[in-house]
Structures are given as C-alpha cells and as structure tokens.
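Paired with chain B in one complex and with chain C in the other, chain A is shared by the two complexes that follow.
For the complex of A and B:
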C-alpha cells in the first residue's frame, strides 16, 4: 500500500476561526468550512509527512478513534478536498505546486 | 504608472457638467457634457449629492445613443495595464486606481453609472478592509444592524417592518467600512424593492443578521466559521483578481471575529424588531 502525501494548494486562502478552518478557493471564490478533524489534517498537510502519520498523530491520538477506520475516512476526505482544488494529493512527497 | 491620458483635462471639464455623489464619505465626481444626464443623477442620488467637485474619484461619462443590452452575466472587471477595465453589455468603463480617474461610455440611463459606482466602491473598500454586501441595514439607538441575504430572503420586508425609531441605511446594498475600533455601516442610495434611498448617515455595526423566513421570530448566534462562510456568499465583489479576493476573505474573517453574526428566522410581522436592539 503506497503512502499518500498532502499539501494545501496555493490557490486557497484559509483561516482558523474558533477551531474550524474556513477555506476559500481564490479562483472562483467558493468557500468551505472544515470540521475540527478535517482542520487538523489540513493544518498538518506539509507535503512531506505521510497521511497515515498525520492521521495517527492528529486524529487517532486527539479524537481517540480506531486507526484504520480513521485513515480510511481521512483518505476519502483528502481525495474530496483534492478534487475541489483545496489540497494537492500524491503518492510521493510534494515539493512544489505541480504534482 | 500614471499616463498622460489621465492627466489631460477632458473637454467636459471646460464646457461640461458636474455632480458629485458621496457614499461612505468617498466622493465620486461625475462629469458629462450632457446636462440632462447630470440632472437625472442628481435626482436619483438626492441626499448623497454634493454640489462641487471634491478632487477624489472622477468619472468622465460620455453619453451615447446606445451601447448594448444589459446582462449581468457578461460583466468583466479586470486589471489591465494599470487600469480597471469594467465592461458589460450596456457600458464600457475604465478606472485608474492611482490617478483615481476613469471614463464611462454608456446610454442615457442611470443603471450603467450606478453599476460602475458600485464596482469602483467595492474595489476601493476591498483595499481598505471594507466591503459592499447584499444586505439591508438600519440604525437604532446609534448602532447599526445589517440584515443580509440573497434576493427574496427578506431584506425589503424587514426594512418595511422597521418601527419609527429605526433609520434605514438601505434595503439592498450595505456599505461597510473598517474603522479604528471596528466596523461602520453607511447609508447608500442603492435601493432594492423599497425603491427608496437610505439616509446618508453612519453608525458602528452592532450585529449582522442572516435572514431566513420562518414561522416564528428567533435569533441564533452563529459560530464564526459558519458566519464567515455565509457572509462571503453575500459580499459583492466583481473583479477577477486573486489578490483582492484573498484580501476580502481576510476582511470577512476579521469582521465575524468582531461583529456578532446571527441567523434571524422571522415572520413578516413588526414584532421581529423586538429582537433587534
């Protein structure tokens, strides 16, 4: 099973407000608000830490949930955020904007 | 960089006519060779008109027989070579944010210049940490309240229901300025279905209510993330400019951290105003 890596797109503006992240796609002004779990994952998305490690540190420990279930949920989440253009998602560490 | 074209006095300065429309403390001097056009603007913006030029923003309007049909979907607002190029089916305009001067070519009706003024104000406000928002607004006890929502949400309805101690700033588009210690709402002449300009006054904003019509009157304080997301839906911004959009996003987030935002479910009856004080 290959590792997954995530990094915020350069085309977003984001801000934490009362524990939730508000994200706007600058190109078309669509706005999203992420719940606490999603915000924790996106906040830790540095392009170099594997998603499984992010989930273990920021979700499993923090929210006391099953590790594999949390990972599968996180994978579905980041795939959806990648489709929206909020995150970059790759099978290798992400150095630059283009994957 | 400024161009010579911006500095050259236009013909209308010598033999034209002038009015100055002041909204949010920001004057826009409108010059035109057509006296009927200027007179029409002075009637439309009565209460917001000053009789002399202020030397701030200046728009030279060339009134022509017809330019084209109005279609909001075709609006283009783009920064090109130091100027905002603003075009829609029924007008062509440009505005230089450095010299503060611009020109408009349109037919002899108010809708085009009305749109150009809204767009110029939205550009200036975005730079200054403010915004225009689809919202009615009113002053009560020296504090301003905003009632925001898309068309049909109830902006005009709640404006009509306002008791006598309430002064309306607008039933359609609210003008929000950043001030030293918060945000201030200004009256605007931009009217909705009420078909009546707001009062030309301002007050510090004490609350923003996002409108939802229902079977009872109820105001619920919203968490700031959801409030920011919903506020951003209603902010007017026309420019295809990533940097300004990002700035507006930061402004909306700052706003919801300083101003309480509520969802106001209401019946179309005057008692709803008991919740607004």
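For the complex of A and C:
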C-alpha cells in the first residue's frame, strides 16, 4: 500500500476560526468551511508527513476513533479536497512551491 | 455574499475576531484625484519589518481578509515583498490600486502571488473626464491597459466607479467598458469627507435628482444591494442590530500604524507601533464604544422609518459630528430609493422652517 502525502495548495487563502478552517480558492473565490477533523488534517499537511501518520496523530488520538476507518475517511476527504484544488495529493513527498 | 461567508462573518462578530483588515501601506500617490480624502505626504510610513510584524500579529488574531491599499500601493518598492509575506501567512489578499504602474510583469507577479481580486478605480470611460479627475494625463488609458494585462493573466478585476458631479453621466459607459474588459463593476455615489475632517469635498456629490435616477436605474447591476436595502419596518431585531462590520469584525490600519474602525471612520483607536494589534482590537475604549452601539441607541435614527434597512455609515455619521448620529449621505440614499424622507431629513426641514418663521 503506497503512502499518500498532502500539502495545501498555494492558491488558497485560509484561516482557523474557532477550531474550524475557512478556506477560499483564490481562482474563483469559492469558500469552504472545514469541520474540526478536516481542519486538523489540513493543518498538518506539510507535504512530508504521510497521511496515515497525520491521521494517527491528529485524528485517531484526538478524536478517539478506529484507525483504519479514520484513514479511509481521511483518504476520501483529501481526494475530495484535492479535486477542489485546496490540497495537493501525491504518492511521494511534495516539495515546497515557490513564487 | 455566500452563506458560508455570512456564517463566518457572524461567527467572527460573535467571537470578537477581526476577520477583515484594510491596510494602507502608503498614502503617497501618483494621481491627485479631486475627491481624494487622504493627504499624500509621507509622514513616516511603517517599514517592511514593521508591516511584517503586524501581519504576524494579525494572522494570530484571526484576520483572514486583507485589503492592501493606499495612496497608490505600487509606489512602495517593497509592495510585492509585503504581498508575498501576506500570502505565505495565507491571508486572502485584495489589492486596491489605480494600476497605472502595472504592466505585463507586474500583472503576472500579482497573479503568481495569489492575490484574490484587484480593484481599480475608473471614473469615466472618457479620457478627458477621467484624466481631469486624476489630474494625470493619459491615466485612463494606462489604467485600462493594466486591466487588460491583469485580465489576460486570469486575475479577477473589479472596476470601481465613484459617481460625482463631473462623472454623473458616465457610469453607464464605465459599466459597458467593464463588461467589455471582463471585469466586475461596482458603483458608489458617496463622496467621503477628507480624513482630517474637512467636508468641502462633499461639494462634489451629485444632487438629489441624479442620485434618485441612479439608485433606481435597473441597468446598474446590484445597485440596491450596494447602496441600501428597502426598509422592511423596524422590529425588535432591527433595533438590536449593528450598523456594519466596522469595529465588530473589521478595522483599518494607516501607513503610520494608526488603527481606526474603518477607513471611512477615522476614530483614532490605537497605534500598532506602540501597542499590540490584538490589544488595540480587544481593549481600545474607542472600539469598545463602537461595538456597544445598537440601532436603538441612535437618538435620531432609532425613530426613523428606514432604521431596519438603512445603509447608515457610522463613520460618515462620526465625521458629521456623532457616531450615534445620522449619516446624511445615507438618508439621501434611502430617500432616493423610496421617496420617504428620513427622520433626520424631517428634523432638518422642520428646523429650517422654524428659522424662516
């Protein structure tokens, strides 16, 4: 099973607001409000920590849920966020983007 | 505004979070617009390091929407470094500029930095009229060229049209121009007094008949949304309402670090060179006073038939004499839209009649 790596796209603006992340896509100004679990995952998305490790640390430990179930849910979430352009998702560590 | 944004703004107000900050990075300008409310001398602008420190504090305080403006912000040599740093801190950045210094390379950089929107003021589609307002020959064509560069780079551009006596007949032309260029269009028929309190600029305001015509012109997209909502009648909720986000979820910071509730509400509330941004936001007596005011506390407006839907600007009211008083410019808008005089207008008419007798 290959590891997954995630990193926020640089084409978003985001801020934590009372434990939940508000995200705006710069390109089309669509706004998203992520719940606490999704926010925890995106906040930990540094491009180098495998998703499974992020889920174990930020979701399983903090929210006391089943590890495999949490990982599958997280995978579906990050795939959806990647489709929206909020996250970069890859099978390998993601380099820092620069402008 | 999307329902998510409305919810976010409501949460920010409830939690006391400064969601939006308008930061002027300079008051210097390369135009001399006849209606401008700012002084253009450099009285000691914040340095890059000071602004970077402020950005860090603002991000920690929860600021999400950052409007970078001026003066003309591109006159700062470090503007792009400031924007880059702001984007690294994941602010949503909107840039307000006259755009005359923007060419292809700058447009590409603004896009690459992830600026969400660029707003450019265009006063008329006629060069002789626009240039007479800015006092810079060729400024309309330079601004329009810049808009074309930015649109071609995929940037979202808004053309902001301030309607004043000289441009009263031109807003349709500017709206058409915006459509041709692929930008959004906003219109504002309000001239703001000078930030030093001088009200002589108000002579540039269009008259009542012209205001009525523009406010009721259905070809002006979302005019009612921009100007005013028709008053549905004042209920209990309306009397508990707050006038706008100034001081509640938004504030303004000048190039010298002065904090006001809004750029149109120049109530000195602290200075980030002497105090932490969050301390000013939370504990400034001035901002606390602004936050304490509800519609029921307004001596004239609370009895006005427009109170529930009026766009009353507390900043314009402050510059008229009292932050709890009426804003005549907004009374005029309510009247233009509905034909019903505001309580303030009726009081003034009664006072004028009494003085004649």
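One rule holds in what follows: the second predicted complex is superposed on the first by the 95 of 99 C-alpha atoms of A that agree within 3 Å, B and C clash if a C-alpha of one lies under 4 Å from a C-alpha of the other, contacts with A are read in each partner's own complex, and residues count from 1 in each chain.
What we mean here is this: a contact is a pair of C-beta atoms (placed from the backbone, for glycine too) under 8 Å apart; a residue touches a chain by one contact, two chains touch by 3 or more.
Predicted model only: the values in this text are computed from it and were never measured.
> Could you say whether A:18 touches chain B, chain C, both of them, or neither, answering first, second, both or neither?
After superposing on A, A:18 lies in contact with both chain B and chain C.
> Spot which of chain B and chain C makes contact with more residues of chain A, would you?
Counted on chain A, the partner with more touching residues turns out to be C.
> Per the definitions at the top, what is the overlap between the chain A residues touching chain B and those touching chain C?
On chain A, the overlap between the chain B and chain C contacts is residues 11, 13, 15, 17-18, 22, 24, 26-27, 29, 31-33.
> Taking the touch rule as given, give the residues of chain B at its contact with chain A in the complex, in rising order.
223-226, 228-229, 232-233, 237, 242, 245-246, 249-250, 253, 256-257
> Where on chain A does chain C make contact in their complex?
8, 10-18, 22, 24, 26-27, 29-33, 99
> Hey, which residues of chain A end up touching chain B in the complex?
Chain A reaches chain B through residues 11, 13, 15, 17-22, 24, 26-27, 29, 31-33.
> For chain C, which residues count as touching chain A in their complex?
2, 4-5, 7-8, 11-12, 15, 17, 19, 59, 62-64, 84, 87, 90-93, 109, 112-117, 154, 156
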